[in-house]
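Same chain, two partners: chain A is paired with chain B first, then with chain C.
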Partner chain A sequence: MKYLLAIQTIDRRIMYLLLVVVVAIPMFVRFQMPTVVNPEVQGVYDTVEHIPHGQIAILTGDWGAGTIAESQPQTAALMTHLFRRNIPFAILPFAPQTSTLMENLAEKIAQKEGKKYGDDWVNWGWRVVPLPSFFKGLGKNLPATVKQDYKGVPIEKLKAMRGIKTIRDVGFIAHITPVGGISDLIAFAHEAYGVPLGYAPTAVMVAQGYDPLDANQIVGMLPGMVGAAQYEKLLGIPGNGLRWSNSLSFAELLMIGLVVLANAGYFLSRAAKGASS
Partner chain B sequence: MSDLLHLLTGERAIIWAGAICTLAIYTFLYRENVVYRVFEHFYLGLAVGYGLFLIVSEVLIPKWWVPMWDQGQWWWAFALVGGGMFYFIYSQKHNWISRLAFGIVMGLAVGFMFQDFAGNNFPKIVASLKPLWPHHSYAVAAGTAASIAPHTPQASLSVSGALNNAVFVFVLLTVLSYFFFSYDYNKHKAAGGSARIGRWMLMFAFGAMFGSTVMARMSLLIGRVWFLLADWLRVVH
Partner chain C sequence: MSTGLALPLGAFFQAQPNHKLNALYIAGCLFAGGLFIALLTQTPKRFRKPLIVSATFIAGLYFSLEFLLPPKATAETVLASHSPWNRTMSALFGWFLRPLASNSRLAPDENWLSLYLENVNTVWQVIGAFTFALGLWNLIHLHFRNVVHVTKGAFASSFFFLGLAFMIFAGYLKQFSGIPDLFAFATSGLFFQLDAAMFSLIAFFIISAAYRAFRIRSFEASIMMAAALLVMLSQIPVGAWLTSWLPDHGLLSNLRIERVGQWVLRQPNAAAQRGINFGLAVGMLATGLRIWLSLERGSYFERDV
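And now, the complex of A and B:
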């Protein structure tokens, strides 16, 4: 009876310690758990794969240091794919911190892929404008609406933006976010101009993506770290998404194990009480 | 002096500061303590200071002051009048002035909201009307339906696809019936049963959403553990 009670009342601090240990183990040991690509991740990949040359992609986001473990691998996977396809992209950050984080990431990946700022990607910089009016502006005259990049360079002077006149020259928009916000882009980019949208939320916001996915308002979704891992698998570049998803699987196995253990203790102790009475 | 400055502002110093802050916040997992409290207030102060700095450096100076003062766009001075109107909310006598400013902003927001609502939800309603019978692909004959162009190819629907659609429609109807409050469910057994199933379906959905939330929280922990092991301690690469 004593041990049955003990497994129902494990000190939470022991569980936290166990959690940190199981999360850390896959970081020391190099291996890869099986990863199956979901249709929603495949949908984003296929859309990026078919962006016509002559068009650009836009990577929007409002993530910060707090969700770096999910949002950064998602952004990195999308940037790598666009670089490899030679599709120029524009970073459109909706938060000041995002501008720096996405720019640093693009610089890092560009070094590996042999790409150059201005030719292969641009950063439009953090915008303090309502998103609907900004996208209406992109629909009429994109260079006049964006005006300059985050360094103050007029965007007409940037090679990546040559020939881009309106949002109709944008072949894909991906929104990488910890807080949702895809509904604005659906209304003012997809429904208004027909631009294909991809959604890369943190796992906590995933539920918000299935409605528009079902209604074909978005082409696909990268659900949290797992979505990034699946995208890395499609690209054939094992990155942080795949590596960290091992830790995620271990953490979830531990939680399932603890739930089963505590419940087994509860039912067994109840059965023992019943037998003794 | 410059060496000391470099040491204090260099990348390693920033990583050390990040590691100390992370560990200080995690001390809460052991129990409530003064280190956690100090760093909690430190974070709050940092966030407020960062927010204020951004407003001044990224908005007021480049978007308002520089165009008005340096580039001769004098009309930006009216933004001060418009912005100042909001502060009349603190005046009992003149708070009607703030209502004018709020009215304009709310009008703009409501206009955008209408388009946002229609653009988001109407296509979802259309997408909820799903075919339930498996069929091969076909082209719509001319004159069949005014809203569909003649000879528009219609995709085939497999048996499993039809089954998926049937599950979708079943869940949709039962959940909708749960939110229909004009029936006395004790008298109308069918409506009561449907609402009960709808409640179960909602519980499944909430369970799945909670699972996603747990996954997100674990991801945050993984990010921090990686930072401590890879960036701070440099024991993993």
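And now, the complex of A and C:
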């Protein structure tokens, strides 16, 4: 009976220590677990693969450092794919942190891919305007709505934005977010102008994405860090998504193991009490 | 694109980088903004609420009408069609549809109100920026009081001023002296790391809470536990590895964990989400109408302004 009680009341400090160990080990020991690409990830990949030249993509987001483990690999995978396809993209951050984080990431990947700011990507800068009215403005006159990039350069002067008149010249929008917010984009970008949408939420928000996915309102989804890992597999570039998803796997296994252990203790102790009474 | 009143307004709001009178414009805008705020604060109390109600109503009305009024393309279609319904619409609303369809300055998806959208967006951005200034002012006001009166939180409040001054100084150095190192340290080196560290603590709470709270005490709890385990396993590489011995195609492939997880997410979960979304949409519509018409009541809406 004593050990049955013990497995139901493990000290939380032991659990914390175990979590630290299982998260840290995959960071130092390089190995790769099998990654199966889900249809929703394939959907985003195929859409980016078929963006016509002459159009741009928009990467919107409101993520911060708190969700960097999930949102950064998602953003990096999408940026790499767009760079490799020579499709210019615009960063459209809806939070001040996002602007800096996405800009730093784009700079880093651009260096690796031999791309240049202004020619291959632009940062429209953080916007305080509500998304619906902003996208209505993009539908009417994109340069007049965006006006300038985050450095204050009029966007007509940037090579990446040449020939982009309205949102109809946008071939794909990806929303990378730790919260919801895809419904506004569905209403004001996809339904209004037919722009294909991709959704890259954190794992905790994934359940929300299957409704619009089922209704074909989004072309696909990158569910959390695992979605980024699957995208990296499609691109053939093992990055942070693939590496960090090993840590995630072990952390989740630890949690499942602890829950199963606690329940086993609970049931066995109940059975033992029943037998003794 | 802009016509009528939209033309001078559009020209007024257009960004003019490197314009020789920019300094004058900025000074003029600051003066006008300050004057406007001063007038607002001096407005007698009995006029403040009607002023807010009117501004809210007009702003809401603009966006509602711009969205709901038919665009030029619809007007053209209705006028050209011979179907009984469209002919009835033409007879009833021809006074509105004909000038709309014949307006050469409008794009197919625009109506008259669409012409002002750019300007309204610009105004919105300016108001948005002012709300941040207001937020900063409130923070300064609150923490200054704490520091001056040496309250219980005075020490923590002093860190607010320290952080604010440090970030302003680092930003200033980056912007005007071309020294980005301190700003990079303040943001990427300090703020982002603290934010990430704070957020990562959730993992420890989740694991502890799941262990303590997740007991199968009822039939419903068993279903929830089974669904949670399946979805969790289906979302991680280990899950795929556990059933990787099952074939990729055929009947047995449906038992692979990633496919079972997909089924749970795409069928029962999507159905539940849809139900929740319907409820949310109705609630949002009702709340939106109440705010637009200033019918909302509660702590923020009934206070004296």
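Here, the second predicted complex is superposed on the first by the 276 of 277 C-alpha atoms of A that agree within 3 Å, B and C clash if a C-alpha of one lies under 4 Å from a C-alpha of the other, contacts with A are read in each partner's own complex, and residues count from 1 in each chain.
In the analysis below, a contact is a pair of C-beta atoms (placed from the backbone, for glycine too) under 8 Å apart; a residue touches a chain by one contact, two chains touch by 3 or more.
Since the structure is predicted, the reported quantities are computational estimates derived from the model, not experimental observations.
Asker: So if we stack both complexes on chain A, do chain B and chain C clash, or do they fit?
Answerer: On the superposed model, which is not a single observed complex, chain B and chain C clash.
Asker: For A:L258 in the superposed arrangement: first (chain B), second (chain C), both or neither?
Answerer: In the superposed model, A:L258 contacts chain C only, not chain B.
Asker: Touching A:W244, do we find chain B (first), chain C (second), both, or neither?
Answerer: first
Asker: So, A:L235: does it touch chain B (first), chain C (second), both, or neither?
Answerer: neither
Asker: With both complexes overlaid on chain A, does A:L268 touch chain B (first), chain C (second), both or neither?
Answerer: Neither: A:L268 stays clear of chain B and chain C.
Asker: Quick one: is A:A24 in contact with chain B, with chain C, with both, or with neither? Answer first, second, both or neither.
Answerer: Only chain B; A:A24 stays clear of chain C.
Asker: For A:I186, decide between first (touching chain B), second (touching chain C), both and neither.
Answerer: first
Asker: Could you look at A:L101 and tell me whether it touches chain B, chain C, both or neither (first, second, both, neither)?
Answerer: The answer is second: A:L101 touches chain C but not chain B.
Asker: Looking at the overlay, what does A:Q148 touch: chain B (first), chain C (second), both, or neither?
Answerer: Only chain C is touched by A:Q148; chain B is not.
Asker: According to the contact criterion defined above, which of chain B and chain C contacts more residues of chain A?
Answerer: Higher number of touched chain A residues: C.
Asker: Quick one: is A:I10 in contact with chain B, with chain C, with both, or with neither? Answer first, second, both or neither.
Answerer: second
Asker: Chain C: which of 4-12, 40-48, 238-246 or 256-264 bumps into chain B?
Answerer: The superposed arrangement places chain C into chain B at 40-48.
Asker: Residues of chain A that sit at the chain B interface in one complex and at the chain C interface in the other, please.
Answerer: Of chain A, residues 12, 16, 19, 23, 66-69, 128, 130, 132-133, 183, 203, 206-207, 211, 214, 223-224, 226, 248, 251-252, 255 contact chain B in one complex and chain C in the other.
Asker: Would you mind writing out the residues of chain C in touch with chain A in their complex?
Answerer: 1, 10, 14-15, 17, 63, 66, 107, 109-110, 114, 117-118, 120-121, 124-125, 128-129, 131-132, 187-188, 191-193, 195-196, 198-200, 203-204, 206-208, 210-212, 214-216, 225, 229, 232-233, 235-238, 240-241, 244, 258, 262, 265-266, 269-270, 273-274, 277
Asker: Taking the touch rule as given, give the residues of chain B at its contact with chain A in the complex, in rising order.
Answerer: Touch residues, chain B against chain A: 29-30, 54, 58-59, 63, 108, 112, 115-120, 123-124, 126-127, 168, 205, 208-209, 212-226, 229-230, 235-236.
Asker: For chain A, which residues count as touching chain B in their complex?
Answerer: Going by the criterion above, the answer is residues 12-13, 16, 19-20, 23-24, 27-28, 66-70, 96, 126, 128, 130, 132-133, 183-184, 186-188, 190-192, 202-207, 211-212, 214-217, 223-226, 240, 244, 247-248, 251-252, 255.
Asker: Under the definition above, what is the set of chain A residues touching chain C in their complex?
Answerer: Touch list, chain A to chain C: 10, 12, 15-16, 19, 23, 33-36, 38-39, 64-69, 97, 100-101, 104, 127-130, 132-134, 136-137, 139-141, 144-145, 147-148, 152-154, 183, 203, 206-208, 210-211, 213-214, 223-224, 226, 229, 245-246, 248-256, 258-259, 262-263, 266-267.
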